[in-house]
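Data first, discussion second: the structure below is written as structure tokens.
Letters A, B and C name the chains as they come in the text, with residue numbers starting at 1 for each one.
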């Protein structure tokens, strides 16, 4: 895409006048950086201000020059490019800072032996105080939470992806503009606004009515998470199904293919990459939820692999309690270390999940011409 | 198509293998001790799962009790979720849990509600955990200050705004106080700590603190807030001139702690002084015989008592449905109230031990727990 | 994909059609049912608040007096978040889809997706530990130099834990969500439209404005709505970052509170009436989302002609 425009531009430059020389951006960068440094030297130097000022000066400089030499259309294009790249840099700064902080704080805990393989069973402030006072390694791990997160999220996905995907199929392929479809569409939007704690309370109340008060299991948590997950799945897959070109559907119908076969074999595979990314996003949205899990799955320090009975821990509840209620209030260090390491593990998990979604998309997606 | 389905089955196989490998490698033995080490293990015949929710202040102590109790009774599983005192009492009253951890004793309507669950005698409050609340501040070079109740109240109300105010200086001869602005920091979440601290101010400085003791900090007052004890301590540590109240266990580092005026002397915060203040307190009026809810004495005159304390309770039934549950609860509370249990909590959560007379009374109440006939 | 697998129609195909459309319809109906039960649950639990004596509700002046500042606080925080996140996310999505070199673009997209998964507790911890102290001097400067403007009235917060900081943290949390979806939408712009625009001599920006934006608008609005849902309902991050207080206009003083954070902070200690008050607050949040979504639907509805499936 990008290469196409530049090659076109280069060919044209031989023929037409009024083009900025190819060294223009570099020259403007150099001028902007020097000028910004000079201004910062006057008001007091700091690196961030210098960077921001340079960027602003660069944009002004390049756009003005382009406006003078190339006319307003090209100048607008340059301005848009600068803004887009600038917004990318603005977005990347805080995000990188978050990741950096998690990495720096999480790595020491992650490499502690036993962190991934053991639970928090039997760990109390005594162990933490000892490890702080004697400098021995921090005991206790996240195995129970890791398993809890995997199982709860797996069940939530198993519940919400079929429901969500089928609903979006209904909306796009069957419902069109019928009143029911409009209602579903609208209420799915409303569902995205359910505060997560309310979803948790709802699931807890539902299961309290079904199987007695205080039913806290991994499955209840999975239901609570599904309430949060379904609208995201519907919303994103609906958008993805919508942009499947109608030509494809019409071609399939013209070949005498049934509608459901067309949807399963043509429409969904075409959109699978987007759907997979939407599902990943939905999982990502709920995998970090704390409040609904606390009220539905309780808080365990032991390994529990049964989603249908007993309390379960998950990584976010683990992180939350370790940060807010350290195991040893007097020496919160080990708890904080475990919390950051657990956050790092959570991010790595989602990274693998993302990778998985991409592989799925690659396996299932039809070959495109692009 | 063939390559595709091969890819799919391969992916499924990899995931299944990964799941198997993952589920096989976990261990509940985090401390690295061999499980048969406990000598008393063989003699214990308690089994089952004991569930509780409630106070997050007790969280660290419960962790210690849990590991001690399950070491002695390996067939027992104790689970506790630090959801908060209100949520804990509510879950207990709905029958979802066998005990609740609560920073406040049950309300009268909760006691009458408990009669449907626990029989005619209802549920009782057992004091199990005493935590002194520190009045803490961040002022470089100053680690200790004498603060009278009125002064503390005025500082939190924004009536004293700088650290070199004459009211503070008068009580602290020889200390050089900077002109730094006072930034009061309080809890943003409702909490038992706030309840006990405001209760203290209302009783010890009634002329300044006109609000009643409450879980919620009066919202009209100036100042910053933060979530949870750890949040408050972090905010104070990061802000020069900050003043806050926080559970003593979390206060450390370079924070200063105030000596509080009791009678006519300045009392330094200590576990013993906190235990003493609890000992000087009367049982709350209008309670059942075995209910040990306390009416804390905020204005003692004994110079060895530190009056800003939080007493946290376990709420248990007087009668349980079946023998196994009753035995489990009895065993658990006996351990919690024992010397061993209180020491474990002190070592782990820096709490103050119960005085022996109070512990004896509580143990008697625990012994009286029986099965519904 | 072999063609005979597609054309093996017949009687089984017809039942297949019925079963499949039945399933699709059922799933949609199930969602309505779930939402209906959630709403019923909320209303039943919240009901005591509305009939209670006003003096007993938190704040002592009735529920509406209690909820109004929270509603405004929620709206302010979400508005700040979206004002920052929308242009930035659309910019980032465009950067990935149309500006960055193809190889790098995939990597960037991957990283952005990843960031959507960081738990809100971590964003909250980051906001408290890093962002708030970093913003504090800036707030001081604003209070000194732009204090005449009500939004920047002093005295500035010493800790930096203000509604503006909370809004920025929310924006950082929302950016990955909006970016990720918008990027997918932009990438699906028909190549023919783009190439036609370029062939007519449009610059890259003109091509984006004339081919990519009209095509992507409904999808981007959807993405923003998803982001808004998160911004409105976010609890932990706001609860950790914001030093809450009564409603004030200034963005750089400690004050204001959002509904979700209020629920999260007070829920653990709530019983009886105060619990149902908090649930009623949740109900109000629900209604706000409903209103905002109606607005969004209306906006999208005006640009329907660009959908591929109409």
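Everything that follows uses one rule, which is that a contact is a pair of C-beta atoms (placed from the backbone, for glycine too) under 8 Å apart; a residue touches a chain by one contact, two chains touch by 3 or more.
Keep in mind the model is a prediction, meaning the values are calculated, not measured.
Student: What graph shape do the protein chains here make by touch: line, ring, star, complete or other?
Tutor: Graph shape, chains as nodes and touching pairs as edges: complete.
Student: Of the other chains, whose C-alpha centre is the longest way from the centre of chain C?
Tutor: Of all the other chains, the one whose centre lies farthest from chain C is B.
Student: Could you work out how far the Cα centre of chain B sits from that of chain C, in whole Å?
Tutor: Taking the average C-alpha coordinate of chain B and of chain C, the gap between them is 36 Å.
Student: For chain A versus chain C, what separation do you get between their C-alpha means, in angstrom?
Tutor: Centres of chain A and chain C (C-alpha means) sit 13 Å apart.
Student: Give the residues of chain C that touch two or more other chains, as numbers and ranges in rising order.
Tutor: Only 1, 129, 267 qualify.
Student: Please output the residue numbers of chain A that touch at least 2 other chains, ranges allowed.
Tutor: If we look for residues of chain A contacting two or more partner chains, we find 323.
Student: Could you tell me which residues belong to chain B and also touch two or more other chains?
Tutor: 56, 83, 227, 231
Student: In their shared complex, at which residues does chain A touch chain B?
Tutor: 114, 117-127, 129, 139-141, 143-144, 146-147, 150, 208, 212-216, 294-295, 298-303, 305, 310-311, 321, 323-330, 332, 359-360, 363-364
Student: How about chain C: which of its residues touch chain A in the complex?
Tutor: 1, 3, 5-7, 9, 13-14, 16-17, 19-21, 23-28, 30-32, 34-35, 37-38, 41-42, 45, 87-92, 94-96, 98-102, 108, 110-123, 125-126, 129-131, 168, 172, 175-177, 179-181, 184-185, 188, 190-191, 194, 198, 203-206, 208, 218-219, 222-223, 225-226, 229-230, 232-233, 235-236, 259-260, 263-264, 267, 279, 282, 285-286, 288-290, 292-294, 296-297, 307-310
Student: Under the stated contact criterion, what part of chain B meets chain C in this complex?
Tutor: By the definition above, chain B touches chain C via 1, 56, 83-87, 89-90, 107, 109-110, 181, 183, 188-192, 215-216, 219-220, 223-227, 231, 234-235, 238-239, 241.
Student: Help me check something: in the complex, which residues belonging to chain B touch chain A?
Tutor: 4, 7-8, 11, 19, 22-23, 25-33, 49, 51, 53, 56, 59-60, 63-64, 66-68, 70-71, 77, 79-83, 91, 94-97, 227-231, 247, 249-250, 252, 344, 347-350
Student: Which of the residues in chain C end up touching chain B in this complex?
Tutor: Touching chain B: residues 1-2, 58, 128-129, 133, 157-159, 161, 239-240, 242-246, 254, 265-272, 275 of chain C.
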